[in-house]
Amino acid sequence: MGALNHKFNENILITSLDKLLNWSRSGSEWYFQFGLACCAIEMMSAAAARHDLERFGAMPRSSPRQADVMIVAGTVTLKMATRVKRLYEQMAEPKYVISMGSCANSGGPYWQHGYHVLKGVDQIVPVDIYIPGCPPRPEALIEGLLHLQKKMREEHILAKKED
Amino acid sequence: MTEQEIYADLSAKFSDKIVELIEAETFNPTVVVAPAAITEVCHYLKDTETLNFNSLMNLAGHDTDGESDLSVIYHLHSTELDHYITLKAFTNRENSEVSSVANIYGTADWHEREAWDLYGIKFTGHPDLKRILLEEDWEGHPLKKDYVAAEFYRGMRIEKVK
Amino acid sequence: MGRLHAEEMILNMGPQHPSTHGVLRLKLRTDGEIVSHIEPVIGYLHRSFEKHAENLEYQQVTPFCGRCDYLAAMGSEHGYAMAVEKMMGIELPERVEYLRVIFAELQRIASHLVAVGTFGLDVGAITPFIYCFRERELILDLFEMASGARLLYNYIWIGGLAHDIPPGFVEKTYEFLDDFDKRIAEYNQILTGNKIFVERAADVGVLTPEVAINYGVTGPSLRASGVNIDLRRTQPYSIYDRFDFDIPLGEGAQGTIGDSWDRYYVRVREMEESAKIVRQALDQLPVEGDVKSAVPKRIRPPKGEIYFRSENARGELGYYIVSNGKNVPLRVKMRSPAFSNLSVINEIGHGWMISDVIAILGSLDIVLGEIDR
Amino acid sequence: MIQSLANWILSFEVLSGLGSSVAWGLSLFVVSALIFVFVAANAIILVYFERKVSAFMQVRLGPMRVGKFGTLQTVADALKLLQKEDIIPRSADKVLFIIGPWIILIASVVTFAAIPFSDSLLAANMNIGLFYIVSISSIVVLGIVMAGWASNNKWSLYGAMRSAAQVISYEIPVGITLIAVVAVVGSLNLQTIIQAQGGTGNLFHWIPIPLPNWFIFHSPFLFLAAFVYLIGATAEINRTPFDIPESESELVAGFMTEFSGLRWALFFLSEYANATLVAFLVSILFLGGWQSPFSNYAGAQIGFTIITLVAAMWTVFVKAKVNRLSIYPVGLALIITIAAWLFPGFAIWLASPGIFWMFMKAGSIIFLLMWFRWTFPRLRVDQLMYVSWKVILPLSLINLMGVAVWMWLTGEIQF
């Protein structure tokens, strides 16, 4: 879609086409199976039987190429930060990042004395949705995914940018 | 055998290398050993039938207050005879040097690498002494009391601690 | 013509890999499918628990203990609390001891459920993982009733508990225990007896007792090699001597003693034993007694040091605490079982194929938060 | 069918001006477009079907929010994959990387030309139908190796090498089992294979139990050959328990690791096309293709009552769980039985061979393949080779000899 981005001015056909594309993107958020710490366990139980992420079309993908959403679940240490950045760059373009847990948001409980902890994943990767909690409940992760869907629905892929 | 008997046995065998037996202020009596002699002492503890310390429970570095000497603590346990002993080796702060027990106890390999990584205590005779938890290009040994974190690491800000 | 020696390849099973149970990197030197040397690279989750323990008061360190071993947080908090209580010589009311044993054993079942589930996932069976998480959710409900949190609790304080258990907790736990026994039969039917699972796990990564003790392997992985060491029985702490439960050992039912299948099956049988302990503890639970009566106002352990060991889900969890009389510990070193259990992977993993290395890693049940601390 | 289609096009006066070759070309294009649409639509439905089946097997709900009960889920996935950036790694071998997935898709779609969906509905009535399918479907492994090698990634290289070894070593037992079937029929044409399975006979031509004359009941050796073929075919299309080329837990995503967006969708499409192909082949060769199990409408009525009774007893006694979910299958069977008894016309249609039975059998085989995937763990590479060379190959040889001896014993052929 790179060539068609933001090339058309706003009219009925384009906005409805935008809506369709946004619907399809928000309907199938394949998240990148990428757990770091305690939040990864909550992500696994969110994908398991009781809070089933599959209901929203979210399927775990283990390769960065096929994932759209990178859920940074857990503490990003400095040793891991370079890897997180490289994995983010390997993902295919319309990609989003959910920072799950206060460790990923701002360093969390390790903020004061954590010499090896990166204080917030947004220093290295643009983050779309922040989910507070340590660890956030699976329902909170699902709410984060729904917020991301709402954000995707408002995007304009084909229409010109109004800048 | 109780710790006192083991201490008596050890000081009889290595008279000069065993410094003292600390019993006050501790729940497990500790035998203080000269840092260079740790390997022979552990060999002896492990190989003699009556002692048979075949399991090293824990190996920890320790820095009391940022000025005095660093120390390494070994908690040994014999699974057959079910008795315990704790060894301690003091080493000066600048070039801290302790002889390694990695060839005697397999678990000591990683514990010693961690002690080197976080306390800067070198273990002579260790097969592959390099940092285990932090990256190779990390300066300083964080758990020393007088450690001050660097401002940036590879372009990422480390908040000023303390 | 001799062995066709192909050039060896360094394969990085990198910090991000679906079956390294977190951020562990295995540097495999492979010759085709056969792995000739494994070098685990850890430290990707080093959050410096020990640095925090040197700057926070005794009761503030408890949440960080749970965050090290986030699959058995109750067990870690229980170990730390007992270590400090022994230093201060605090006498706990009976009710607190029983409640702590109930929570520690329920946490052991929950942790083994994750271990069994992810081992099935590593070997390729996806459905048992979901079944194990279904039971784990029931246990997390119980924890949520008591402590308010699902995964990391800060519930076992030094000298007592954060809150008493709500009414209806005991009935719900009985309900869970009755339902749980049927579930074990379900796992045995879908995974334990499965021919392909046995083919993939039996005789793979055999750990001999001497190598295990030398490398400091403890917990179910050690007992699977036939060594009868369980701190709840050999060095009973808390009130474990009042319950009768037996220690499942590896018998090599499907292969040699100490293979991956044994490590898996010891965990399944250990879940039954823990359920038995919880049932007995619930029967003998004293009704009166305030859980916060023994919590000291100011925690200042006397000058000195202690090394206290307790049996966590993964093995012998040791706390080496040095105190100088102030309310901030001088040094808290956590001897984490997974740290030593992982160090044995090269010893038992080299010479096998890549898929076996993954099965062996899964059978060792490692948690990276605890390894890197 | 193409013949009839070409004549049908020529029958229009306005088009009669076209030469017969153009009409012939047009009809060829229409038929191949029809097949490709069938394969694409089938993949869309099967992906949704697999996610729902796996969810129900795992005590969860599966896609629910996208469209009613998640029915539009795969449409949303496909549209999203269209929007994804098309990454070709810089150090990848561009040509192989691009044509790899296309070769796999073309190889798996083209084989549908020889599949007879019903006695009149088939693309090309080739007299070498079976041989054509087996030879074309072995090109798939070429595409996999190409894709795996081209993406210059150690994981995909492993996936490609594993799949090459696996598919080649399973071609042989599958081929020998097919020879066993052809030995009974004497022709490679799939249509004649199905026609040879009409009517009812007794089990194994020997035990007097009235059963449809399918090859699975032809002789104990062919009965075994059916399962040998199913195992070999599951291995050939890389589905669990033989899915080591794209095993998630070991090789990240196997040979598909470096593919993103639409290119990866082609892999997904061809995986399900292969699965459907195998399901059709099993039902054609062993379960009598579009033959109906009941010889006449009375048979249909009695047959369906038995099915309903068995389903009801299974739900009430064996599973002992009568809830909203387990009532649906029993209810469906009940409705069909009542309709069969009330309307003889419906019963006659049920008893007559047709596309309904073809899709019923293929659907049940696909459900079986999915059942395998969500229960079995994965075999290791050398165990997989052991199963192929030491277990299935000798078994298929024995089946081949056994079928011949059996036919001689039961007097089908005279020496």
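Per-chain residue numbering starts at 1, and chain names A, B, C and D are given in the order in which the chains are listed.
The rule is simple: a residue touches a chain if its C-beta (ideal position, glycine included) is under 8 Å from a C-beta of that chain, and two chains touch if they have at least 3 such contacts.
The structure presented is a predicted model; accordingly, all values stated were derived computationally and were not measured.
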Chain with minimal offset from the mean of all protein Cα atoms: C
Chain pair showing more contacts of the two, A-C and A-B: A-C
Distance from chain D to chain B - Cα centre to Cα centre, in angstrom: 64
Rounded Å distance between chain A and chain C, as computed from the means of their C-alpha atoms: 31
Inter-centroid spacing, chain B versus chain A (mean Cα positions, whole Å): 44
Interchain centroid distance [CA atoms averaged], chain A/chain D, Å: 37
Multi-partner residues of chain D (at least 2 other chains): 58-60, 248, 252
Chain A residues counted as touching two or more neighbouring chains: 48-49, 62, 79, 112-113, 115-116
In chain C, residues with contacts to at least two other chains: 17-18, 43, 46, 48, 51, 55, 130-131, 134, 372
Pairs of chains found to touch, sorted by chain label: A-B, A-C, A-D, B-C, C-D
Chain A residues touching chain C - in the complex, by the definition given at the top: 33-38, 40-42, 44-45, 48-50, 62, 74-75, 77, 79-80, 83, 87, 109-110, 112-117, 134-135, 137
Residue numbers on chain C that touch chain B, as the complex places them: 42-43, 46, 48, 50-51, 54-55, 86-87, 211, 213-216, 227, 229, 234, 302-307, 309, 316, 318, 320, 322, 324, 330-331, 333, 335, 339-340, 343-344, 347, 372-373
Footprint of chain B on chain A - complex, ascending: 78-79, 81-82, 107, 111-113, 115-116, 118-119, 123-124
Residue ranges of chain A touching chain D (in the complex, touch as defined): 1-2, 20-21, 23-25, 27-28, 48-49, 52, 54-57, 59, 61-63, 65-66, 68, 92-94, 157
List of chain B residues in touch with chain C within their complex: 25-28, 54-58, 60, 62-64, 73, 75, 79, 82, 86, 105-107, 109-110, 118, 131-135, 142-143, 145, 162
